[in-house]
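Notes follow the structure.
Every chain is named by a letter (A, B, C and D) in the order it is written, and numbering of its residues begins at 1.
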């Protein structure tokens, strides 16, 4: 039984879609209330740590897509990255925190909160990480936060 | 689901210092030991009960800026994240871009990328070893590490034209060919470095003071390393054989015979000695690359065809790539791609989402230092205050890389 | 006539040991020369080991030897900042005291046979006792500056003092027991044929390590652990105040090196009689040369060693140095019992 | 301050007069020359790395380039130093620290801006998290380059030394960092 079959068997009841865009990438989309369950099943398959947590702002669909990339140190699994993604509403971006499933989500989730304003419920320290503590603008990685395009020199103000 | 070790420790730490009398010491950002970050170290007597890394002092917003630039212009942007290891960090981006575009890289270019990657890795490890020396006030190791780094920077400069910011790997190939007599100079550098490594062992690693300061300090157990998702030499020093060079098919690593060094102890000294092992392996890889390197073009045929014949001729004569005009506005098809590349500090992860326009919709970088940041939080707890710089030095954390 | 007599009187006054010793040699002027040269030597040696040049362009023909003069002058002209929370009187007085106190024992250290400013029977314990006052001043400095880093540095100094001071005294005492006198001059005169280091190497090793600890040289420069606590007790000191405390460490090193040479390396022997005829102090120049070479060796340790941890240094002090120093006392007693006569 | 002395009442600010007297003393030619010579060969930068140019700055003070030849010694605490080198991009969070470091340094003090990011943003010119250091500090020497080579750092030291030896620097007032907190 290869990895694809294993994943399909394990996750077919909660995943909304499972895709294989590249040989080393498996993309699993779930609903936002099933994220914890899906993550636990992925850990049971052996993908025991995260490579990244990221948020993608999709203003047209009024959603923020939160993507988890899980990888493994095991020799038979390490060539593959499992991408788990879900969507949260843009004006109320709330999601369960996965630090109990993947401990190294601690800083990755905090950064996603910092950069996109996604609130991870149950995360113990949602504080500013990379931005200065007095930041009061909208989160900078959202698409409606505009920086000047190239070629125009801007002042500090 | 069992409680993860980290969450458990997190709660334990909170209990340990919350409401008790602790002494708070701020290390950084202006500080001989910290560079560009701040640590809030909480002490109970001389014992560290909690370390809170406060990063973001070098956050230059690369992920946002990449969204405003055309694909090719982000390469120089990302190499500023880890300026001491710039080919490795941009190689991940270039690999992800090549996957999106569906380009095959010619063999000679793959070998050249490997060559520069290994030169960068040696330079990066020497930088880390030098810092590990100065963190216990061993100024000679610092100076030697940084001085011998110049040898490798010079080699890189001969190959690419720049000391640090090479911008060498571009989608489809590399920017310039091997200069004449490069092989001799590289072999000479390797012979010199092998001699110097023996000196390092004599004056630093076998020094009783160094052993006393680094041995059995900051032990990272194998299970903890796996749970915390640590990467790079810090992971391999804890006995996990994992290296992005084995995982991802990039460069010429599939055709080269090399072994990934692993150590079992997981303490600070083994983390440092592992870097010495890696320097040796890297020099071996460079030797093999220089022997096995095939002839051929250094840019993918797809782009080579776009260059006017006259320019192509000068390109063949000088060995330097003249960019085809198309490069300014590469348009990958909509989709996403990931890439992992082993840097000197560990594995860098890229995720690019393209919507078909000349600019990326989203670029996500997770750098090894950002993933290893957890170590600075969990390793020093329970050690003495003076162990903190030693642990920090052994982790080889590079703040601009973590903050991006 | 009158004028000539006065001039002659003044010259005689200057050349008399009670004035000459503290002012010129081995006193103030020599100390100044040593301060200006030893830091340059330290930086040059470190640079040599580290494949560099070190200070050079300030005075290229003599290899940048004026570097320390430039640094000291720059410190002198720099603004002095007294932090708002600091105890300003203690803050300003302590650096001066930290330079003067290590200088004081020079009046009891003989530089040549019967050439000493104040001749006392108990010069060895006096010298060691006065030089043991310096750590107190450093603790005062740490407290006066009222800063987190200085206070940690002061505590480290206090821990270090009790770790090395006892061994320093006992190992010196071992030699005093062996020679049966507490007078440095007598101790030196008994080593004319055989230096003390051969007879009691244990005491020499203990005294040397304790001396390195006392002067905060590597691998024991824990008090100024710059990687954790910036500059330890001296973090807040600016300008000439910092210049003074920086110099104080080297002055103490110089005094202890003189004592070491007189205890273990047979002091001013071989005595150069030819120079001694010109002026008595010059005959003892080999004392100065030996002490200087010893200082050079100690500052050379900077380019070889890193820094021990505080608890490691303290455990070296208590668990190794103290038993060793006691053993050296028994070695002395044993040698006396065996009837080894100098 | 009022000071009754031998029947004459001196009215004036004693502290101000003392400062003026010491200034007059320091500006007399032989003393001024000695002072400027000493300062120019004893430029100690503070250990403060703001960004990636720090790698080249470190290379400049290490073997092969060895800036210690110029009496250039990176030192521990801002209190004992007299030169602030802004190495590369200055982010908003770091700018606060840089201002504090600058305020802690004793007079006379100098600022060198290293790298094009410190001059005007460079490749990060449109970033939302950077500031322009020349709006915060009075700058003595600019080093262009991304990153500048160690030779450029050495040249900047020589330029600053020449500037100091010609007494072309301000001492004291007007040296406060500008800009809001």
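Convention: contacts are C-beta pairs under 8 Å (C-beta built on N, C-alpha and C of every residue); 3 or more make two chains touch, one makes a residue touch a chain.
Predicted model, so just to flag it, every value in this text is computed and none were measured.
For the pairs B-C and A-D, the count of C-beta pairs in contact is higher at B-C. The central chain here, found by comparing per-chain C-alpha centres with the mean of all protein C-alpha atoms, is B. Distance from the chain B centre to the chain C centre is 46 Å, each centre being the mean of its Cα atoms.
Separating the centre of chain A from that of chain C, both taken as means of CA atoms, is a distance of 62 Å. Remark: chain A and chain D have CA centroids separated by 45 Å (rounded to whole angstrom). Look at where the CA atoms of chain B average out and do the same for chain D: the two points lie 33 Å apart. Residue numbers of chain A whose C-beta contacts span two or more other chains: 131-132, 140, 145, 147, 149-150.
Shown for chain C are the residues in touch with two or more other chains, namely 50-52, 226, 230.
Within chain D, the positions touching two or more other chains are listed as 62-63, 76, 91, 93, 126-129. Pairwise, the chains that make contact are A-B, A-D, B-C, B-D, C-D.
Chain D meets chain A in the complex at residues 91-93, 120-121, 125-129, 131-132, 135. Touching chain B in their complex are the following residues of chain A: 21-22, 24-25, 27, 40, 48-52, 54, 56, 67, 69, 71, 73, 75, 78-79, 81, 83, 99-104, 106-108, 111, 115, 124, 128-132, 140-141, 145, 147, 149-150. The touching residues of chain D, when paired with chain C in their complex, are 26, 34-35, 37-39, 41-42, 62-63, 66, 68-71, 76-77, 79-80, 82, 104, 106-108.
Only residues 43, 47, 50-58, 64, 66-67, 69-74, 76-81, 224, 226, 230-231, 234-239, 242 of chain C touch chain D when the two sit together in their complex. Residue ranges of chain C in contact with chain B, taken from their complex: 46, 49-52, 148-149, 152, 218-219, 221-222, 225-230, 302-312.
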